[in-house]
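One chain, chain A, links the two complexes that follow: it is found with chain B in the first and with chain C in the second.
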Partner chain A sequence: MKRFGMLLGLALLLITISPQAHAGFGIEGDLKIAYIMGSTRQDGGWGESHGIAIQAIEEEFGVDVAVTEDVPEDTVRVKQIIDLYVRRGYNIIIGNSFGYSDAFLEAATEYPEVAFMNAAGVTNNQKNLESFYLRTYQGWYLAGMIAGAKTETNKLGMIAGFPLGLVNWDINAFMRGAQEVNPDIELAAIFLNTWYDSVKEGQASEALLEQGADVIATDLSAASALNAAEQLNRFSVGFQIDMTRHAPTGHLASVLLVWAPYLTDTIRKIRAGEWEPSEWGAFVGIETGSVALGGVTGDLPDDIRARIEEARQAISEGKFTPFDGPLNNQDGDQVVAAGESLDDGALWQMNYFVEGIVGTMPASN
Partner chain B sequence: MSSAFFLNWFATIPDYAAPLLLAALGLIICERSGVINLGAEGLMAVGAMSAVIVSFNTSSPALAMAVGTISATALAVIFGIAVVYFKTNQVLSGLAIVALGAGITGVAGRAVAHQPVPGFERLNMGFLSEIPWIGKIVFSQNIMIYVCIVIVIVTWWAIETTRYGLKLRAVGEDPATADTAGVDVLFYRFIAVLCSGAFCGLAGAYLSIASSQVWVEGMIAGRGWIAIALVIFARWRPLRALAGAILFAGADSLIPRLQAIGADIPVYLMLALPYVLTLAVLIIPAVLFKRADVSPSALGLDYLRQDRH
Partner chain C sequence: MLDMSTGITLVRRQSISGRLRALSFVGGLGTGFFITFLVLVSSGVEPASILNEFVVQVFFDLHGLAQATTTAIPLILAGLGAAAAMKLRFWNIGIEGQVWAGAIAATGVAFYDIGPESIRLYVMLLAAILAGAAWIAIPVFFKLRYGVNEIIMTLLMAYVIFQLVQHLLFGPWQDPSASFPVSPHFDDAERLSRIGWGAVHNGLWVALGFGALMWVLLERSKFGYCATAVGHNPLAAKGTGLPVITTIVISVLLSGGLAGLAGGVITSGAEYRLTQFLAHGYTFSGIVIAFLARFRPALVVVVAFLVGGVYVAGDTLKVFYGLSEAIVILIEGIILLSLLVWEFFSRYHIEFVKQRVPA
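Showing the complex of A and B:
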């Protein structure tokens, strides 16, 4: 229900942004930054993308970021770690897990002089705590255009974790992008009900390949999915970090999570005493380079390349979103009318597949 | 659904079944000697991680399987000394092994996490692999599947027909009598624990080297627990474990295939299927063969010579 609150909030944000003249949040003294991570910086995906951001922060501000890895989503444990950092004089604390939300809110209230940010979190207090997430669907749309152009069987396969809004929008945007360049395309999507089972990820990819898919896209992080495609000389699309090394020949592109623009920008504001955390959290995308494509194949027709760049531009400028109407769901019912689009609240609650996707959406019934 | 669907499905079942079967066989040996081993998940984790370290550095999958087996056996030595010689609580010690395995692999495996490693190719046995259906299902598996079949037969033969197997079973059924007859009860139990370590290590190495060709923290993902359920389903018999593993693998490999063709079936039910199946394999034998409790009589009991009566 907390997520729902944020969703609703994100929707309202669009209409209620009002210029307020109060002074922003700032810190006194030198920057001392700590990062609390749910996994490690070598986890092949989520943690690694945050590791890249940590490096960018260190380079930009000339500081050493203190990092605690493998911290479970346990409010008491997270709070203890924050307490320790604050006692040691750290004044900016960044987390990267949904499950840290409560601990961060508690700590932000207890330590009003410290800045808190939490990726994929759902708590915000408008004073010194802001959660942030990326519009990953924008990158998936562009990746879908590449996949749609490259497929020969007109069948794409995608594996994903759980049927949540922030997963479903990746799958749907991937399909929308593919349909944009190839109207006859079909996409089969499989939910694995896990985030980290490399065996299942490989085996499910094999099942999709058997059904004739010649592009395997993974919304997860294990190399086994890309490897399965590579072994059959088929294509693959990675996620979170550049996965080219897992499939040197068949890798088409990876949808990158780039946390650095938001983080460095926010830290700069904090240093200048101008940070005004949003009531609904930050939700950034391709316009700031927070979502991008990496390792894009060189073997792409020029006209497709131009169309992708055009779409990227249009999305950045806010002229276009992957879910502009008319948009039909899997059953052919209209979800978004022509001329309209999905607001952020509707995005977070996306619980259907768009037209053309083969697969059963558990949340739809 | 076309015949190709069934052919592909059947052809992948051995790959799903092998790790479950190997782990279950190791646990059967261990439990037939009277020691409950709940540490499979941890032993498999160590096997999977150490195998990938070797495969990553040497590019030799065979050596990797061997090292995976040996390192899990080393962890089993700790478990064996604790439960057999120091008579610690078997259930708690097993759970400690699970935690220890998860911890060790999380720390030691960092450098190789998400690094693709070489695995085993599917074999091509010439004309045998060309036979319709049989060729793809039976004669085109990776080499470890055939090794696995040999292991099942040898395990069955060793437990059920040899003198050593008889002593092992005697130790698990009635250690006092076995002791009187001159069998070194603790030694047999210790060796049985080591066997479970070796088999679970091999199973873990199969998952990382043969199945996914990559190691990720937590990748055993509950398969050790499923193996424990299989042991009970198999009623501590190696050949029944083979049947159980095939049954389980069949259902498990069907799930992504049905999703891939977009079959209109409730997805939540399918996602729950492995667990429903685990429950089912525990309940069905209990209902079908209620006449007798066939678990080894001394299962979970410490043996102290002075308590003999």
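Showing the complex of A and C:
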């Protein structure tokens, strides 16, 4: 009975405060936006995809975005750089590294009047802070369909950074997409334990090509993977930005990271005083154009083109995900039963390869 | 027929007066500051802003001062560590490696909850010291036993331990809730608390305490006298019966221990977890600080504080003037080099000699 009374009280309280709760977060005065980046706007990958978003923000809102590049993932320094911006009147601070998470959380509590957003961050649950990331696996699924249709050897190769959930889902989705159009396909995946190493990325790609792969997909930033495939007249799939320029003939598609829709939409809400950051952070995808394919080859059969568009629609409308069951892991054990799918938590924890992938997932992980 | 040609020779001074020494130090700093000034102005920073950003905003502003102090805490310890070894001409180029060792040890104590919570922090810092000392003990052993060059070995050992950090962060110590290579956050009992001024934490007292301890040890004790003698001339020291090997071993282990403690203080006072980035840059900064401070502990504390200020000012230059991340390292390098050049000319003087060369 006591508990019931408490619940009733809580419900009444919710009803009375709900108008304020809808008001959301806003800033006062003109927009002063600062972007703190882990690399540069010309890094050919991650940073460049953010550079494109910065340009979109500047055009949409008619402001100059202040940018600091090459900020290391060091909590004390990141916080000090945020301090500098806030103390000189900046009211929207955007970051683009997981390693900024703690500094952003600390700053969000210290400066409740400033809005904070951090790409690939993990800290949330403040009225003025939201981390955001993209459902990159959706794009990789579609790219996989293209690769599966174009391969002649039925062997694909993929190079990736570290064995983390947000990397593994790219590899697995690429394979799922390829399997969708070509059940006999094989994918060899290699972790390079780096986010950027032009030489290593090239060497690993050459090794995969030597083993007979005729499509090389890169989950990293360097041009060398695409160059290696191009030299042998094989196909390639790029990531983060449109990488056509590195392989003008063999480039099949690039999985694009498009940060602008989320950022411009959020800034609009902040300006209107209607921003309500998600408790778990924003996790956006194809439905808002935040993940897309760029530089898609013109040389695709019509039926494949139609099937890709169909899949894009279905993912967009939430009718289908690349990890709908039945889904088996590399060893043939079922991870998702028929009729079920993976929730976001399970995606972030993905620590296995799906069936058909050749490669070793580090055991300790 | 005789051909006259002019030669230049460097002649070592028999003794260097205190005045000359002071002059070379001030001259070196002055030249360094002047070149820095030129570099900054040529990169588009207004001369008036340089004074404002480097002096007013950092040292005459409570907020800037707090930032400089926070940055200085691990720098003091790394600088003390560098000084302890280099005073004896043991070239510890692997300070980063020992910082990693300390960070791993402190994180390990926190991760496995070793010791009661009331003393957990002390256990962490002690473990950090021991781990740093243990990591440098390996090159010390190989140097004394087999004559292996410590420059190469300490440097390479830093790469080895970074592999261990990666192994731990991608393996057993990875934070299950993060999906990224970091260890879980420390509990409150495992964090150095803030003193209520910016982000300055209790590690400040640890750093200052060890500064005082090293001052007593190196400048007010018999051990310090031995260390100075060994640093100047180990053979002579040995000849006079001083315990050369023991002095080297103790000093170098202290060096590693202090660098390890820096790692412990970074993890427990700033990051609250082990990351892949936290030790970067401490070798270079530690050596610069030790050199500028002439290996004297009290000066190390002062110089580390000033270098902390340069870091803070460097961030401002980066943020508002578009200068690159390298600017701080560039400034440190310019000042160190000009000091070394001035010191060189305080030791040697140039003579122009006319030589008669028979045709």
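We adopt the following convention: the second predicted complex is superposed on the first by the 340 of 365 C-alpha atoms of A that agree within 3 Å, B and C clash if a C-alpha of one lies under 4 Å from a C-alpha of the other, contacts with A are read in each partner's own complex, and residues count from 1 in each chain.
Note that in this section a contact is a pair of C-beta atoms (placed from the backbone, for glycine too) under 8 Å apart; a residue touches a chain by one contact, two chains touch by 3 or more.
Since this is a predicted model, take the numbers as computed values, not measurements.
Once both complexes are superposed on chain A, the partners chain B and chain C fit side by side without clashing. More residues of chain A lie in touch with B than with the remaining chain of the pair chain B and chain C.
By the touch criterion defined above, A:362 lies against chain B and chain C together after alignment on the C-alpha atoms of chain A. When the two complexes are overlaid on their common chain A, residue A:70 makes contact with chain B and with chain C alike.
Of the two partner chains, neither chain B nor chain C is touched by A:343. With both structures placed on the common chain, the touch criterion links A:193 to chain B and to chain C.
Using the contact criterion defined above for the overlaid structures, shared-chain residue A:324 touches neither chain B nor chain C, since it reaches no partner. Once the two complexes are overlaid on the shared chain, A:276 sits clear of chain B and of chain C alike. Touch criterion met: A:122 reaches chain C, while chain B stays clear of it. With both structures placed on the common chain, the touch criterion links A:265 to neither chain B nor chain C. In this overlay, which is a superposition and not a single complex, chain B and chain C have their closest Cα atoms 5 Å apart. Overlaid on A, the two complexes show chain B and chain C touching the same residues of chain A, namely 70, 163, 193, 362. Residues 63, 67, 70-71, 166, 170-172, 174, 176-182, 199, 270-272, 275-278, 280, 311-312, 315-316, 318-320, 324-325 of chain C are the ones that touch chain A when the two sit in their complex.
Every residue of chain A that touches chain B in the complex is listed here, in rising order: 39-40, 42-45, 70, 157, 163, 188-194, 196-204, 206-208, 210-211, 213, 221-224, 227, 245-246, 358-362. Residue ranges on chain A touching chain C, taken from their complex, read 66, 68-77, 79-81, 83-85, 87-88, 98-99, 102, 122, 162-166, 193, 348-349, 362, 364-365. Interface residues of chain B, counted against chain A in their complex, comprise 4-5, 8, 12, 15-16, 106, 110-111, 113-116, 207-208, 211-219, 221, 253, 256-257, 259-268, 271.
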